[in-house]
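Have a look at the structure that comes next, please.
Going by the order they are written in, the chains are A, B, C, D, E and F; count residues from 1 in each one.
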Amino acid sequence: MSAQSSLAGSPVVAEVDFAAKGRQAGHLRVPQSRDDSGWGTIPVPIVVVANGSGPTMLLTAGNHGDEYEGQVALLDLARTLKPEQVQGRVIIIPAMHYPACAAGKRLSPLDGRDFNRCFPGDPFGGFALSLAHYIDSVLLPLCDYQQDLHSGGTGMDIVASTAGHVLDDAGLQAKTLAMADAFNAPVTMLLREVNAGPTLLAQAEARGVVALSSELGGGGRLNPANLAITRRGVANLLRHAGILDGKPEITTPSRRMTVPDLAHYVFAPCDGIWEAADILGSSVEAGAPAGLLHRIEDPTGPAIPLSYAATGLLWCVRHAGRVKVGDPVAVIARDL
Amino acid sequence: MSAQSSLAGSPVVAEVDFAAKGRQAGHLRVPQSRDDSGWGTIPVPIVVVANGSGPTMLLTAGNHGDEYEGQVALLDLARTLKPEQVQGRVIIIPAMHYPACAAGKRLSPLDGRDFNRCFPGDPFGGFALSLAHYIDSVLLPLCDYQQDLHSGGTGMDIVASTAGHVLDDAGLQAKTLAMADAFNAPVTMLLREVNAGPTLLAQAEARGVVALSSELGGGGRLNPANLAITRRGVANLLRHAGILDGKPEITTPSRRMTVPDLAHYVFAPCDGIWEAADILGSSVEAGAPAGLLHRIEDPTGPAIPLSYAATGLLWCVRHAGRVKVGDPVAVIARDL
Amino acid sequence: MSAQSSLAGSPVVAEVDFAAKGRQAGHLRVPQSRDDSGWGTIPVPIVVVANGSGPTMLLTAGNHGDEYEGQVALLDLARTLKPEQVQGRVIIIPAMHYPACAAGKRLSPLDGRDFNRCFPGDPFGGFALSLAHYIDSVLLPLCDYQQDLHSGGTGMDIVASTAGHVLDDAGLQAKTLAMADAFNAPVTMLLREVNAGPTLLAQAEARGVVALSSELGGGGRLNPANLAITRRGVANLLRHAGILDGKPEITTPSRRMTVPDLAHYVFAPCDGIWEAADILGSSVEAGAPAGLLHRIEDPTGPAIPLSYAATGLLWCVRHAGRVKVGDPVAVIARDL
Amino acid sequence: MSAQSSLAGSPVVAEVDFAAKGRQAGHLRVPQSRDDSGWGTIPVPIVVVANGSGPTMLLTAGNHGDEYEGQVALLDLARTLKPEQVQGRVIIIPAMHYPACAAGKRLSPLDGRDFNRCFPGDPFGGFALSLAHYIDSVLLPLCDYQQDLHSGGTGMDIVASTAGHVLDDAGLQAKTLAMADAFNAPVTMLLREVNAGPTLLAQAEARGVVALSSELGGGGRLNPANLAITRRGVANLLRHAGILDGKPEITTPSRRMTVPDLAHYVFAPCDGIWEAADILGSSVEAGAPAGLLHRIEDPTGPAIPLSYAATGLLWCVRHAGRVKVGDPVAVIARDL
Amino acid sequence: MSAQSSLAGSPVVAEVDFAAKGRQAGHLRVPQSRDDSGWGTIPVPIVVVANGSGPTMLLTAGNHGDEYEGQVALLDLARTLKPEQVQGRVIIIPAMHYPACAAGKRLSPLDGRDFNRCFPGDPFGGFALSLAHYIDSVLLPLCDYQQDLHSGGTGMDIVASTAGHVLDDAGLQAKTLAMADAFNAPVTMLLREVNAGPTLLAQAEARGVVALSSELGGGGRLNPANLAITRRGVANLLRHAGILDGKPEITTPSRRMTVPDLAHYVFAPCDGIWEAADILGSSVEAGAPAGLLHRIEDPTGPAIPLSYAATGLLWCVRHAGRVKVGDPVAVIARDL
Amino acid sequence: MSAQSSLAGSPVVAEVDFAAKGRQAGHLRVPQSRDDSGWGTIPVPIVVVANGSGPTMLLTAGNHGDEYEGQVALLDLARTLKPEQVQGRVIIIPAMHYPACAAGKRLSPLDGRDFNRCFPGDPFGGFALSLAHYIDSVLLPLCDYQQDLHSGGTGMDIVASTAGHVLDDAGLQAKTLAMADAFNAPVTMLLREVNAGPTLLAQAEARGVVALSSELGGGGRLNPANLAITRRGVANLLRHAGILDGKPEITTPSRRMTVPDLAHYVFAPCDGIWEAADILGSSVEAGAPAGLLHRIEDPTGPAIPLSYAATGLLWCVRHAGRVKVGDPVAVIARDL
């Protein structure tokens, strides 16, 4: 028998009413069968604040569980946002891929899945696919805006950036750039849309939602400077959309950049310990040394020197000291 | 090379001839590649008893490996049913999801799959999907009736019930109810068909087979009273279909009930040890205490009281003492 | 570096002061290094209630994590016991092998250890050995009495019993029997001391503490009748020791029994599903059928009949339906 | 964000230019996200040698990681083949399912997948599906010929054979047989195409590529005699296609055989140690003893005798001594 | 509670009476607690045949689970040996490290232990240590002779040999050599006793038992020629001891050899696929090529040539094609 | 058989001759049996540089595999140190717990062991215990000085420090402090010796070697500033011992500090995301806020504020954003 799944159009059930006004806190209840609990569920916390009339914005973090700036900024917002401040609707999911967030891991401790490769999902494909299906088919259709808050995770550190796609739809593109300008991260990263993979961002775009992803730091830690950027960026987005009063607070305008091809990556050719030549955010030149890869298996052989193959901003660096063959140790961005 | 898969229309091969009369015992041979046996197979025992003319009934148990009443009742039937007793055909698979049955687990020890979310299957998707595909595409088309014998498993204890869906097809619905009446479990549970999930029952219905699931006890044990209900129920079904002589033995008529929505569930709001206020089968009232959740992490804080949100029969209770957040600890049924 | 371990004589640090009067709740902080937290600890909740003068009793549960009567009875006691009720000292550890309790498993999810085979422990041998060493070397020397509250766990159901050893020391033996009489479980199980294994009970005896183990139900669930016996038993022990006022509440005197040898066990000769002939607590005869072992791999062969080889009380039965070769399915006790 | 996946039509990026002439060595860079490297990749070595005009042949080994003759033969070819020897193009992937090859296992150490059941793949389905998708959608369209070099792996030893399908397309069939004749393995195994499963061979055929699989020994080792057959066979194919100068070296013409049905298999009816009656390559008779299955659980019961059910060549034998129920211990081939 | 452990001097209980005459088959019942069976046991089959007067010989196989010649030879003996053939006592344990034998693995599937590094054991240290303790403390004291039947296992193939130690006790040494001569394997390998490690052989010697280990083939398979040597060798030992009538059947006298130091090993300096230059049993010269190590990570670099550093018999070779850094690929023996 | 273990007094064999002069690079070959390589070894790289007369210093890093400053500093030294620079002997093991270093993990990927809790080891207790036994019993007796280079690892970031114990032996204490002064890390941490745990440092002290541990950064990364401190510190030690010419380069004298008790730790009372109030190296006050613990399970409840209980230097902070109950998030040091 499948008692729960018979109760709704998707096996996921929300404890909040998206059509109601005011402030609600509850869960998305996602089935997760265990050997000792056949009808077990995993409740994913969700907060909805709605008032008056205005657009709907979906704010998500914890797509990857080891990316913390977004989770904390949204927990703060969820604790403090009052209906009377709002015109429209804000849907907040601070720890979306909940099992990964609870473990502090990028990938699911249940099945190793990368949640951001699970869209548009499958209602009965397991926790991650089932939740992705719900977000895509139930939540995105409610939305005008969507911001998914990422950082670089355990392995990478990244210059705080929002990230969007180069879109065929000029109108949607303009709205996306305006949204990124309002967020006002130091960098706005624009990547080609072709074959973006089954991400939440790609799915939001496919549904015509004005949407951004982001990379707001990393290194597996909560960086205070990046947390401040994230908190301000989220408030800016709500102001930009007219959901909160006021104008976005803009410091230096965001720098629009891209990573055009694989030549802007430096990959580790073998396992080793990475000693970088430059710090995150440096300006680097093609041909210059990127760093040394030290090999513990051969203490008398030389460390392996790697060089940049492109000129630009050292936008992303390997954080973790130990790297495996094929890991990127540096990514260069250039201005658009 | 894939030598075996070239031998038949599905990689699953039956050692029995479904068109033959008499009694046959053999296996469904399902490929399962291992590192040390590339062309390994898992043989799933199957017994077919056919004679004269009459309908075909597929009897299955061990869809979940830790549900025992059905497995034992079908092993008994497989041992004892003689062709001369039969008009028609009985196909018996006492331990369907064989690796889970051999492990005494709900989910597959091979890949964690819930077999009852694997339909309609995939011929090359691994053991569970491959077997589900065979049952759906080869066996169900042979059938007039299908009974899948479940219990509550390790985690739950349930008032012995057959279970069916509310169907759009009035004719099929009437036949289903007549089948449930004949089985004569204490309860007949009827659930809405919408989004039933990829179960064997849903797939049987989709193929127009008169079909039931069931919940015949649980607690991870073989309950003698429920085993007696199951044995009699199975015999009743065969009599009802005219495959065996005689009429179903009916004691008290089965009570038709439903679980209409999530308000009929009580979920654990956090991990703990569950102390239930009532025993399985009690009549309970909305607002009454359902029990206490004891938290080992805080021995000086109070136990958490939970209440029922609906009135009805305490149809399903948590068996295992330790619960995780999101586990149902009680499910209430109401009469139709 | 090992910063923490340098702070005390054992790496385990108590947040409570065992010499202080009044009521304290805190933790035993046991080091447990993880890849992402080198100096991580697991805090095990402990409550101490001391007042006036009188003996010290150590009450423990959760030695095995899937045994619930003791855990809940001690959580209740920890919540409610007030210093002014006490003459002496009560040390309460309701969920001793904490990782196993949090998982609801008999054995440690960290390393598979059975905590009750870890005594007298090893201060740096990992969580279980380190905690066992602390309990043995720091707590037991403080004690006059020790009661370790067990049940049968996931696999077994047992007639509610305290359990002690046949001891060479007649004085200690008499005190132990008096303690068991006071607990007033339906059965007092006495086993030979020889080679008892490295259990908490054996270690308490070795230190001259008047000590009991117990088996207070099982089946992986919290049984209300057994919980009532346990709550009353614990209160009785405190009254017996003079720590609480009043006399033990005695119903029917406890029946003193033993399991003299392996002939009192029935073991499964192969894997299968166990169908018992009798219910727990039955009087059974040597030679009578104990039940049937049903084999899913051979649905046409006969179920395997097993018989009792001894006469007595069916003191312990297999709960879980699926058994593996070598599992006991029945244990017979006889009166002393 | 998914920076890499935006760089190309598939997330897999080749470091070689398939349109260029000369000799190139590089990698197929396949994304594999890890908890500590979100944008990690696994580089799969690939060598391309192209010159003048002529057909394209894709040579692959390491589809299963524990099959060594093909891997070593292609490593040799990759080291030594010079552009000036070639008319056309040779694409060499010596260790295709790279993680399995690095582990020396049939199945993936990442997710247990059998790479030869992953076609036609899925660009974002994980390493194996993503690589299979690239090979199918990018590489096969470039090809006139494809040879996938298998052996029997850890579990089986097989008479050195190429293997193809019985095809509806007579022209493709003739070219396939000519290709197999040129390879000149001792046996050419032809199997029915129906339901071949999602293999590289089936996908190559579906794209109209003249294609073969093979079984060139096994037993988990590198057999020198089979390595010699494989090296010569690969060179013969290149000559046959006109890519290398000269004619194939033919010794004894290859024997065309088939395995018509399951009666040509002997399966283990239970776990045990297999003692074969005959050696690989023997001529065997239906009804003759195939060997004995020794059961360690019952040292006083008889070993279980198994017999052949068909007459022919003992084409494949179980190598590993320990077998599980359902493992094939012998496969008989008959001449076409 | 620990009901079972209180029943005997070790928690292991034998179902056979070692003092009785005649033929008995039963088990050593070794406790193995599981989450779902706290008092579970693993029964290890044992057969004892005793008659008249004479010495006691303990014959064991399955010390490592993937070594098959000894297991099958002892299963044959256990099936056929009759009391009337015997003067003295034969204790046969055909599959000693039972969980490893059932899995067909060298190491324990329970905890990864190598049984032959578990002596003299620990009665409560888990299955392997508990069984080792029983064999050492209960069985070895009963014995005059002990033969432990090994082969090379999955990874290695070895010239069929018995193996003993160079002993300080000249009398024991002479008896050991006589025992080895009687077994009449092609090679008698003698190794220095110093620091032999905690093996069954070392423990038998420490107790003054005339004892041998052996290496009777390997490659993870059952080799018929080696099985014949093993069967004859076991019968020869029983004749040599006077337990069976008759004289040992001696073919060519066994060649006494040793492996004096690490220079007689060839180790893999990195991971790769091993292509040996010579076959097992060849005479090889120091400085000659031992083979090539092929590296899949670098298809254009050369294979790595390895050479022998000693002259002698190629006594042991790597069977499995894939090797890891540090694996021996060849071991050279020289005549004593 | 145990061929290798018979070759030397410990199963570990060194490929270098510690008595020889000049520069040698080789391995410590430590047995590690695998299912597919019974006599497999793990070679641990070691470099020895000896010349003239003078003391012996053992330099080790990679005791925990995710601590990188020491590994890289010693790889540099191993690559560059020439015999003619040396008076005495330098033994360098840059990646001691090799499997953990290769994985970039604190604990062993083989068995989860913390290498720094494995001393004094056990020759046959598995890789870590076997290597620890060799280092203790073979290498430490050769040494006058020992420096074990640690950092904070994945979970913690620590002010660069050497670390030693408060010792009873005043002479050894003075030499230890002089050694620490020479290393000249910003902080010299002194901890009480009592119950230091089974570390390499404690074992070196027990053997009378002048020895230090250290904490040279952390956060799972290679910090350039800390790498510079480490390189200079190692050179300083060699100068201090007279092995290299010249005097230690001293910048600001090292600050001698201690962590006196658990009140100097701040522990997480539950799981959450840690937002620190201060950065590493701050001066903090008892009672001041240490930070906030954000809980994803309750987005509307407040974050949990934690405070310091001691005044001093914020010597160690939690790096990883996600913490579990019992993890230290801050450690305060005070001046001695």
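By definition in this document, contacts are C-beta pairs under 8 Å (C-beta built on N, C-alpha and C of every residue); 3 or more make two chains touch, one makes a residue touch a chain.
Note that the structure is predicted; figures quoted are calculated from it, not measured.
> If you tally contacting C-beta pairs, which pair wins, D-E or A-B?
If we tally the contacting C-beta pairs, D-E comes out ahead.
> For A-F, find its twin among B-D, D-E or C-E: the pair where over half of the contact pairs carry the same residue numbers.
Selected from B-D, D-E or C-E as the counterpart of A-F: D-E.
> Could you tell me the distance, in whole angstrom, between the mean C-alpha positions of chain D and chain F?
Each chain's C-alpha centroid was found; their separation is 48 Å.
> Can you compute the centre-to-centre distance for chain C and chain D, using the mean CA position of each chain? Integer Å is fine.
Their C-alpha centroids are separated by 57 Å.
> Measuring from the mean C-alpha position of chain E to the mean C-alpha position of chain F, what distance in angstrom results?
One centre to the other, that is 41 Å.
> Where in chain D do residues touch at least two different other chains?
Within chain D, the residues that touch at least two other chains are 36, 66, 104, 154, 297, 320, 325.
> Given the complex with chain A, which residues does chain F contribute to the contact?
It comes out as residues 25, 45, 47, 62, 65-66, 68, 71-72, 74-75, 78-79, 92, 94-95, 98, 101-104, 154, 219-222, 224, 227, 271, 273-276, 294-303, 319-322.
> Looking at the complex, which residues from chain F come into contact with chain E?
Interface residues on the chain F side: 1-11, 13, 29, 32-43, 111, 123-124.
> Give the list of chain C residues in touch with chain E in this complex.
64, 66, 105-107, 112, 114, 116-117, 150, 152-156, 163, 165, 189, 191-199, 201, 213-215, 259-262, 265, 267, 316, 320, 323-328, 331
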